[in-house]
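One chain, chain A, links the two complexes that follow: it is found with chain B in the first and with chain C in the second.
The block that comes next holds the complex of A and B.
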């Protein structure tokens, strides 16, 4: 069977599985209201959280980033993992006890201020937005390759599917659907990784294969370093970024992701606090399964890619004899070959010899094809990518649309709209979010990367300090929080806008503040915010007594020992 | 004619109740009529030559009352609606029917209609039953609405006095004493001519006006023969007999045996304040047996009130008030006096919301005051629950009753319990919370309840908890089409698909906004006043809930009568066209409300 047939089959099957579970769980809950629906084990919930957490960016883009950036790419790996841990340990349990469902609600109530709420709403929408844009591009790539259409058409198909999945898909967050999505996703990620690891290194476990000797002698990473330097790249295992910059970027990504609204919600779905802890642990395990495989996948893919383009002899492969995967991906426009020297051979390098333009987001999807794995594995990866993108996109659209319709319109701008109008606006907002995110996916992709940096930087510099101080410093007040957020946002946004838009030419380490790139400047913005908030809060009147009590209450366990007979 | 037969849709209720022969016979007589816009099809108070079914256009039923300048439009009828049945059957149309536009009508000759009514009982029941329903919609308290009660209530269901039979030679004094001892207003006298009757009025007249000595035989002031009424006869038959014979009392017989007497006062009070009688009997009950007897009056009361078109909300409140009195009385009879005021019994769930219309499972709990130990109250609590079972309230399958130690506790224990509930979104605790939120104190010291109410009102501050709490209200869906693809009308579970989402959604919103009221209608009103719900949705929700509760009650009463255990399924095939339309509208409102709840609590867009 062809790849396309397999794709229709496997994607179709996985979608019917999700829908089937949604229907099945509805039918079973009808039997007894609350009772039959409950009893989700921490293990299952851990899988669901992992599915929510791992978006198309994790599934599709991360290995590609590492593959092309080498060691520098690991900032995403560390940043996102760290963000999860920060969220699970430092934020979620307290937010849960505070009882606010969204971050803007927490900030608005904790600082008894609509201005603070508004700032948080805008940040939440902005961060969610850039995230949706990432998902949209991921879905677009999957569709364009496997339906064999150009990337733009793929994104438009993806837009339609994501919109219908989010708006007309009914109830969100059915745990078992997400468990199924996780299973599809992890299976799709691991199967090709295991196959390729066995082919290249003889190890079944990709994580071991990553550090092992290859079948034809020599360590994988040594070979990669050799290839990289030979082709004019910096060695794969040594990054180009300074240590402080890597640290700053990782930190900004961590605190930026920790505030991701659609994942925080997931921590609130577990019935009991103790179960919530266990499921957070399980989720970390399930995330690690994929995240630790990613560097191996990245390295395998890079070795395979270079050797299939440049040929075993390193002289380039004749275009007429080029492997099928190049031709397939050329149709999507994500691989371009320009025969500069007119020898009819393709060549990939960092320097002038280069004739290839390769989009790094295709690496995970193209990987099985490059390794000549069976067609069903290729189709399986497509299903995995869709599973990752859809669950995240639906959650994000929900956040965006309800923030706009409920927090912004109903609570602030148009207070007397009816329920029907509110719902309509929510859907309109979701529609526009999809369209704009889709456009970002179609038009300059470089711009998306900058917006992402912007989003994480802003999230780090704005509401992360407000949340942390809101939980751990009962003295933090409205004046402090608002001035802190304003200072953090202005500083971070100014720095990013200056280097990315005003003076892109000067965007290099020599001009940067302490050698920190715009991607990492959110960390400094965050520190500034904390200092300002703390100082102003302590110079002005303390927050009202009931707020202080509340802060004490969420941190200090109360009545834990007073078990009753109930 | 044959075209008419072919085209007239005999599958529409009630015509689907007819046999093949009846269909053919009636079909032969059906014709098509035309009325131009503004013409009067049928004049109020006049007989009708036809039963009409609208084919095309609209007709308004109007009431022209004296003193009103403008006629009052009572209802509008559209295609498929029937009118004129009353005018055919009783010879008097209740309203005037005006054509609002050019109207095409199916016309069924009155004599053919009457013949069919006489030949087919179920077909007849459709018209007779819906008369009372329609009548009740016009206005309450009018003579028309009493008609429904008179038609439905049977003599045996009224308050009967004991039949005391005395020999004819008993002295007037002894007969009077007998009346006082047995607390009756008349005695039956066994005379040679047959059974006669002597009332207190007869005795008074004999002594005061005729100057008879007290030693005279009672037989000399006895009226023979007596007027009797069968206990299965409609109550209005008794009223008619009394009016006709100018008497105030009839003897009631069952299968020819004398079972009691029925007075005019009882007949009248049956209609005006039947509930009062139940309440009075509850208050007077000195033993559990007497209380049980009083409690049996509830279902007939509901039946009567429902038939007269009493508003669902008020009906629920009335019945709940009576249930509460029964409970309070049982509490007083069961608990020792020194414990009574140191504990507080509360009713939960639908009973607490005052929406329990028929007696169902017990849902109650007990708050123990300071210094009261659980061991002290345990035996009485068990006795309370058992007493309720004896009164016809089945035990709660989930064990939510005072006999279960988990549903008894001191004030601090209850507070801790509520606090614990917020920390959990487990299904069982959500269920427990839902019924606890609707709690109302009914017996004992209500002050004990205040701290609990206070703790419950804090639940709404936790949005995460609310997010999970509201979920069941959004998950259930009723089909809007109401007709399944296989051609057979489906039964809709109106509780899961309609009533529960509305009640639970309003409950969640009420908790979120800290409302102290528990009644769903009242919650909707207060949420509307606070701007949480739009005026439109507030009105729609109340209307929808009332419709669904009424339809469910109708079905349940029918089940009770048929001896089937009532459930929450509405058999769509049995619904009248009007009801089916109302149900469809109600379910549409439910769907809209669910969409609102979903977006409000972050479940979907």
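The block that comes next holds the complex of A and C.
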């Protein structure tokens, strides 16, 4: 069967599965809609969290980024996993004991202030929309390459599917489709990785094959370092970024992860505090399966790519004899070849011998073709990329819809609406959020890639400190938290806007504050927030007695009960 | 439940978290970033050691740390009689 037939078959089957789950898990209460009724098992929640978290960026782009960045790509590996340790030990169990539906709920209640709640709502909605735009675009790209439909049609199909299960099933529908999507995406990621590892090194486990000797002799990493130096790149296993910048970016990504509302709400869906801890353990285990494989995939892909383009002899391959995948991807414009020296041979290098322009995003998607794997594996990768993008999009859309219906309408503007009305508003909000997300996918604003740093920076500089201090410092009060969040957000947003939009020409290490790039500045914003919140809280009156009791209450596990209105 | 008991539970909890986060910091920021070049002179299973910590080892340790936390907290909850039923 052709790749296209396989793709229709596998993608079609996986989509029917998601729709089936959506119909089975319809909900009729706000508790079911916001937190899946609070009855999800820690194992299922771990898988759902992993799928929720691993986006089109993790599945499609990350290995490609690492492949081109070598050791500098480590910031994504550690940055996007290390945050779970913070989540497990500093946030998840306490927020579960608090037992409400959303992150703005906690901020608003703990700091007894609708201003704080509003700041949190605005951040949650902004962070989620930034993020969801990229997911919808990912869906469109997968559709256009593998099913040869226009990107826009792909986006619309993706919107329809997400709309169906997010609006019908709310958190319950999302949770169980995410479990299914995790299974699809991890299988789709590991199968080609195992195949390629066996082809190159004879090891079944890519994590070992990555450092092992190759079938034709010599360690893979040594060969990669040799090839890189020969072609004018820096050695694969050494970095080019400054240590302070790597430190700051990793830290910003870690605390940003721990502060992302769509990840945090997943911990509200389990029955007990101890289950919230276990969920975090399972989540990171399931995430690490992909994240420890990704750097192996990156290294394999780089070796394969260089040797297929430059040839085993390093002289360049004749374009007329080039493998089919180069022509396939040239059609999408993601690979370009320009025969500069007119010898009819392709050549890839860092210096002026280079004749190739290769988009980093294709490394995972093209990998099975490069390694000449069977057609069904290529189709499986397409289904995996879609699963990764749709699961994350759904989680984000739920955050947007609950921020509007619960935090903004029920808690602030229309306090006397019934549960039924609130649920209706939640679904209406989800509908509009899906439509806006789709439009962002169809007409991607030029700055989508530029603002991803925003999502993490803002989560790091706003939510993370406010939640941590709300739990660990009983003295933290309304005045402190609001000033801390405002200072953190203004500083971080200002720095990013300055270097990305006002003065992009000056965006280099010599102009950065202490050599920290806009991607890493959230870590400074977070520290500023903590210092400001702490200082102002201790200079003003302590929070009222019932808030101090609330803090005592969330610090011990007993008496959690299901997530609910109090 | 007495305030004293809660206080003792909270202190022990903070000590555990501080110890685990110290390890978290050492394997990631220590071995994977600050000491990475120095560690690269050693090798493990074909990897330069610093590079291995950065792209593999730190993540394995993260997973183990969370599970150690899960089991230690479950024991601690019972010891201080604050566990759920």
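Here is the rule we go by: the second predicted complex is superposed on the first by the 456 of 566 C-alpha atoms of A that agree within 3 Å, B and C clash if a C-alpha of one lies under 4 Å from a C-alpha of the other, contacts with A are read in each partner's own complex, and residues count from 1 in each chain.
Here is the rule we go by: a contact is a pair of C-beta atoms (placed from the backbone, for glycine too) under 8 Å apart; a residue touches a chain by one contact, two chains touch by 3 or more.
All values reported here derive from a predicted model rather than from experimental measurement.
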| item | value |
| --- | --- |
| Chain B versus chain C as contact partner of A:105, first or second or both or neither | first |
| Chain B versus chain C as contact partner of A:157, first or second or both or neither | neither |
| Partner chain(s) touched by A:427 [first = chain B, second = chain C, both, neither] | first |
| Touched partner set for A:221, first chain B, second chain C, both or neither | second |
| First, second, both or neither for A:398, with chain B first and chain C second | first |
| First (chain B), second (chain C), both or neither touched by A:496 | neither |
| First (chain B), second (chain C), both or neither touched by A:418 | first |
| First, second, both or neither for A:207, with chain B first and chain C second | second |
| Doubly contacted residues of chain A, that is, touched by chain B and again by chain C | 272-273, 559 |
| Complex contact set, residues of chain C against chain A | 1, 3, 6, 9-10, 13, 17, 20-21, 24, 28-29, 32-34, 36-37, 40, 44-48, 51-52, 54-56, 58-60, 62-63, 65-67, 69-70, 73-74, 77, 82-84 |
| In the complex, chain A residues that touch chain B | 26, 29-30, 33-39, 96, 99-102, 105, 166-167, 169-173, 265, 268-273, 397-398, 401-402, 405-406, 415-416, 418-420, 422-423, 426-427, 430, 559, 562, 564-566 |
| Residues of chain A that touch chain C when the two form their complex | 66, 71, 73-74, 77-78, 81-82, 84-86, 88-90, 93, 207-208, 210-213, 219-221, 237-239, 243, 246-247, 250-251, 272-274, 277-278, 280-281, 284-285, 288, 291-292, 295, 552, 555-560 |
| Parts of chain B lying in touch with chain A, wherever the complex brings them together | 405-406, 409, 413, 416-417, 419-420, 422-428, 430-431, 434, 461-468, 471-472, 474-477, 493, 496, 500, 531, 533-534, 536-537, 592, 595-596, 598-605 |
